[in-house]
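In what follows, a single structure is set out as structure tokens and then discussed.
When the chains are written out, they are named A, B, C and D in that same order, and each has its own residue count from 1.
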Amino acid sequence: MSGLQIVNGLAGLLIVTSLLVVVARKPSQSAKFYALQSLVLVAVFVALGSATNAPQLYVWAAVAFVTKVVLVPVIMARSFGRLSDERLGSGERISPAVTVLLAAVVVLLCTLIISGVTLPAAAGIKPALAISLAHFFFGLACIVTQRNILKQVFGYCLMENGSHLTLALLAGSAPELVEIGITTDAVFAVVIMVILATQINRKLATLDADQLTTLKG
Amino acid sequence: MPTLTQVSLAFVQALLLLAAAPLFTGITRVLRAKMHTRRGPGVLQDYRDVIKLLRRQNLQPPAAGFAFRAMPTVMIAALLTIAMAVPVLTRAVPIPGLGDLITVIYLFAIVRFFFSLSGLDSGSSFAGIGGSRELTLGVLVEPTLVLSLLVCALLAGSTDIGAMGEAIATGHVRSAGAVLLAGAAAIFACYFELGKLPYDMAEAEQELQEGPLSEYSGPSLALLKVAMGFKQLLILAFVFAIFVPYGSSSDTSLVGLLIGLAAFIAKIAVVAVVLGVVENSVARARFRLTPRHSWFGLGIASLAFVFYISGL
Amino acid sequence: MVASDLPPLLLLSPLVFALVIFAMPTSGRSARLIELLHLVSIVGTLVLALTTVGYVLSHGTLVTFGDWLMVDPLAAIFVGLIGVVGCLTGFYSIGYIRHDVAHGELTAVKQKLYYGFFNLFLFTMLLVVTANNIVMMWVGIEATTLGSAFLVGIYGKGTSLEAAWKYLIICSVGVAFGLYGTVLTFANASASIDPHQAVLWTSILAHAQDLDPTLVKIAFVFVLIGFGTKAGIFPMHAWLPDAHSEAPSPVSGLLSGVLLKCGLFVIIRYYAVTMKAIGPEFPQSILLVLGVLTVAVSAFLVFVQHDFKRKLAYHSIEHVGLIVIGLGVGGPLGIAAALLHTINHSFTKALLFCGSGNVLQKYGTRDLRSVKGILRTAPVTGLFIMAGALALAGFPPFNVFVSEFMVFAAGLDAGYPKLMILVALLFTITVAALVDIIAHSVLGKAPENMEKSDSSWLSLAPMGVLLALIMVFGVAMPRPVGDILRQATGIVMDQGHATATATPIEHVAAKK
Amino acid sequence: MIALALASILLPTVGAALIALSPRSASKRLGQIFAGLATACLLVLAYQFSVGGKIPAEYSVINFGGVEILGFGVDTVSVLVACAVVGIGFLISIYSGGYLDAGNREHPDIVRRRYFAFLSLFIGAMAGLVFSTTVIGQLVFFEISGVCSWALIGYYEKPKSLYSAAKALIITHIASLGLYVAASVMFLETHTFALSAIGGLSETAKTIVLLAILVAAWGKSAQLPFHMWLPDAMEAPTPVSAYLHAASMVKVGVYIFARALMSSNGAPELVGYVCTIMATITLVYGFIMYLPQCDMKRLLAYSTITQLSYMFLGLGLSVFGSQMAFNGAIAHLFNHAFAKTLFFLVAGALSYTTGTRMLPLLRGVLSKSPLLGIAFVVAALAIAGVPPFNGFFSKFAIFAGGFEVAQQHPLLMVLLVIALLESVGSFAWFLKWVGWTVPGRPSEAVAAASPVPLSMQIVLITLIVMAVCSSFIAAIWLG
């Protein structure tokens, strides 16, 4: 397999791992899968870096490894383990089976959309590009279909990984500062979400987004 | 035309598998007993059962018809055909043309069809329910199996089981992600077919899915008992041939065949252990839950298909 | 000091003060010191912002920090807006937060955090509007969410946490769309220009005609969804009423007055690029449809609300819709009208949110059904709310009338008479809603045992200034404002300096 | 002169601000003083203007980017109407000083700052509207007067009155969209807001602008289909009703349309037809609505609607080339202001003294209070158009002008005949109520009436005099 094929294949794995993140029963379990997924992302960066001969992607990979494989999952796993909501159950609005089918549909649609792009940078990596877009929307779907607010945080992380991958695929040559800015923002976002979720759990004793409906109209 | 070697290999392989079927079920029983820390019957118990049954009288319910009577024979025959079609000891299909993916899947479908038909034909309501359940299960599992194997076939560029195994084993397929997903889905579907916990307990005859067996007796029952184990073995062989053909011989030399046999036995052993562990760590799922799980499998298979389309 | 130091200084000032405030000890005595620091910070920001605006007005666009920071006339409008509204709501905060601390709703620690985050919030918004680097623009927008989410949830009550959560999730998700749009634009541009230039908005605009049209369209849609979430455009507005109603009132004023406008600012930036790349038709039709939908939906929601601040929040959505319509109508007149309306709405809405804060502290509720007779219990506040509500309803001689009229005229000019009349009728619904506030809450019989006492001068003074601004912009808009609007319109239309010297009105004349 | 015109606008506005800031006890005096000052200014202006040979003049006040936003113009019509609206505003201020007190039988009340502040602002806005020479200026004052009327109608803060106030505001605001359209179209066509530019528009644009202004005018003047706010607006304190429905609010509509016609340099006939037909329809509708009314104020409300229709009829007829009809309409505007104010104030005085406005309860007013009895008769006859009272002359001018142009336009003849029938009908109907109310033995309510305060008496007498003289003033002034 050529370098770009490896990139494409690894991108496919991203969807699989994100499915695991979404389908996992416990948020702390999801955190582990998220670390796995980020590891795949790092691998994509490295593979892409070697395939397109773009050394700055190694820097990205390193940054992503520190933040996404280590930092964020550790924060999540440690804080989410302490939160619980007995009444919530699995907190899924749709069953895992439908989730998987949804993922398939999303990938299909994104493939169709991406097939129209004529950008030269996208030539060899259209599948991966489609996956990155699909990954983004899959994250969105996770936020919409999960009642557990902790799962929603994961949804955000998945979206963020998706756009990150697009950035790397299409614009691997961006200044490093850009990448660092984006990553830092994402880490802060997760930290604040975690803090807020903890406060909500402490104050309202729930993790169920459907319980957060006092404000209406 | 297949050569004589090929034909004889096919026959030998089929008979070998048929003969080994009670052994296989016996071993899994023993394993299970060990895990329950109890002393079960010995490894050869299933042979003893079969022999005992063969000596009994063949009874059938008054309402039973042709399908009921023909089923054991048809089942064994179909399974034997599969056994000749699936590559077990070799990489290549023993009889070229017979080992086509679609043929094999349909042969399995025929087995299922007659099995459930006999339940309906027996006139017993218990057996009837069992038969209809068997059909439901088929409806649920079959699409996943077909879709995932179709993806594999598309990726390998051939519907020949041997060629598929070859392509996948050597990595000559375009999309690793799709293969992994399709493999996962296919194996998942096959697990249903094995009739193991949490979806079924093939050896406990009072379980509803085995309902069609309840009206059989004597030699027919003996045949069916052998056929059940035979089917499990064949499913495993089928999966191995496509996804883990490692170890099987690429030619028909004796040494190669022996190595292939050893590899096959090793794979079976590993699977038996894994199955044993799985069966002992889960409880029987309600039949109602089965569709959910099978839908999940279908989802995985469709994802694999989409991956194939997007060219990952 | 050189002029190119102005933008970095402008950014650093609130950031440094925020950090200093965070680092302060939290004893009872330091509270006054923190307030002082906060005051110095917001006044400093105001002075720096106005200096920057003045410089831009007299010397033209200011680019610095390796081209990453840029204040052009378009940005200058928003810089000025952040400076003015930030300073006034910041000043209003002092009295407001003191009251809350005195009544035990906030602790001393929360008070410190409030001022810290307030300044941080100002910093992030300034970052957005001074950014020339599109990725930095995104980072800024995302950072505004993170900075202000705490402010929204500061009371720590169930409802405020809920609002903060919705705000955080919806905006983060929305802004993730914005990131995607940003990345697509960047990738699109880096195909034809050097990647280090491709992140700069100015160079993207300069090379807009080389971009891939499909990607430009996709990116614009993503940007519109993403930053439109922040701006409160229907159907991405769901966070807005919750966040606005649960935040402390000065923060609501800041959210509605400035933050929404920052989202719009980014959209305007991309709008300019898109118009130049693929012509005005595609972006304008999307904007028009979204704008009209936003106005239509929010008009009815404004009417049915009983919560004072929610009503105002939905009203903000409606006005954002009007600004979007102005942009969608396009042409020099439409864009100038949209920009002017941005300014006018900010002042008016800040005034009303501050007023609602006074009401909340006086009556202990935001439910308009139980707030009666403000004019009798707190006459000055009542008068301010009355004037603010009439201004917001679009009555002359207040400022909103002027820009609403301009949008209307621009719409007729662009050939949408039916649409504009529909929009005007929808706005009539909110007129009813606003006079309803006056009729039932400002007037009416005051509760029996409520003594007559207005809020402290600390709260009333900034409201007075806002009202004065509203009147000034309504009766006689200062000439510099007109100049800067004209130049900004020229930037959005990308007509350079050659034609930008003409007034919007003369543009129309020239067209005929 | 412009200084005087500006003063008449700014003085009441400043007065309003002062009233808002000063203690409540001073509000009454302040309101009266500033309204008086404004009236004085206008009288001086009128004198100077007529001495100076009645030369029209225009002045720009606010310009933006080379475009005139706000300008004021002095000519015969604007001075005449300004004198009426501001002068009556002054009379109302005086009357209100007596009406709003604890001695009021129907609405005992202490006067609030809000009342005089908004009344003062209203007077200023009316003066501004009258002198305005730009559409945008008209729009601004149109909207301000809308807000003032809203505040005054809802003055008693009862749910019903608040509802009526909001209704008036919203309906007139919707109608104001006509002015928005007119202003926008004019600006886009000619790049100016000046009314004088209407004459230079293309035929289509002119039709659009005039019809749009007509829509706005219907809204303010309570013509069909925007009439429904007016009867409800009777929830206002009676002096306010008098001002709103006689001199200010409703006259805004007629006036802006008249000004537009004056500047239009020959309006399209379509506009004339729309205007006359709708006027006639409203006329008939208003007359039919007389019949079931017992509340004196509601009766007057519908009477106002029909009288306004006469003015629109006159304006519409002028489109076909009759200057006489136009002058008649303007004169009717002027005359009706005094007559209707008088009638409302009589109603107010009756409710002040007797506590009721229900006509069936009121009998024998003349013997109990001769002043009120005489005022009632004068007002009723003036409204019904009986010589020598003012209503007769202006109506006569409208009809005379109308029959003159109707020779060429048969449809107009039909409309005029209908209007004439209405005129006779309303005369009969008012006569019936005069006969019921004024002579004879006092009914229970009237017999128990309290005396009329002095300030109210003065105002009533002034208005009775004006009800006789105003048409002569107008005739002389308009030439």
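Simple rule for what comes next: a residue touches a chain if its C-beta (ideal position, glycine included) is under 8 Å from a C-beta of that chain, and two chains touch if they have at least 3 such contacts.
Which protein is which chain? UniProt says A = Hydrogenase-4 component E; B = Hydrogenase-4 component C; C = Hydrogenase-4 component F; D = Hydrogenase-4 component D.
Please read all numbers here as calculations on a predicted model, not as lab measurements.
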* Chain labels contacting chain A and also chain C -> none
* Asked: Going by C-alpha centres, which chain is most central here?
  -> C
* Per the centroid of Cα atoms for each chain, what is the distance between chain A and chain B, given in Å? -> 38
* **Centre-to-centre distance between chain C and chain B (centres being mean Cα positions), rounded to whole Å** => 67
* Asked: From the C-alpha centre of chain C to that of chain D, how far is it in Å?
  -> 43
* Which chain C residues reach two or more other chains? -> none
* Where chain A touches two or more other chains at once, by residue number -> none
* **Junction residues of chain B, two or more chains touched** => none
* Chain contact topology (line, ring, star, complete or other) -> line
* **Pairwise chain contacts, counting only pairs that touch as defined** => A-B, A-C, C-D
* Asked: chain C touches which residues of chain A in the complex?
  -> 113, 116-121, 133, 136, 139-140, 143, 149, 152, 155-156, 159-160, 162-163, 166-167, 170-171, 173-175, 178, 181-182, 185, 188-189, 192-193, 196-197, 199-200, 203-204, 212-215, 217
* **chain A residues touching chain B - in the complex, by the definition given at the top** => 1, 5, 8-9, 11-13, 15-16, 19, 95-101, 103-105, 107-108, 110-111, 126-128, 130-131
* To do: Flag every residue of chain B that touches chain A in the complex, lowest number first.
  => 171, 174-178, 180-181, 292-293, 295-296, 298-300, 302-303, 305-307, 309-312
* Using the touch definition up top, name the residues of chain C that touch chain A in the complex. => 133, 135-136, 138-139, 142-143, 145-146, 149-150, 153, 156-159, 161-166, 168-169, 172-173, 176, 179-180, 183-184, 186-188, 190-191, 195-196, 198-199, 212, 214-215, 218, 241-242, 245-246, 301, 304-305, 310
* What residues of chain C sit close enough to touch chain D in their complex? -> 375, 383, 390, 395-397, 401, 405, 408-409, 412-413, 417, 421, 424-425, 428, 431-432, 435-436, 439-440, 443-445, 475-477, 482, 503-506, 508-509, 512
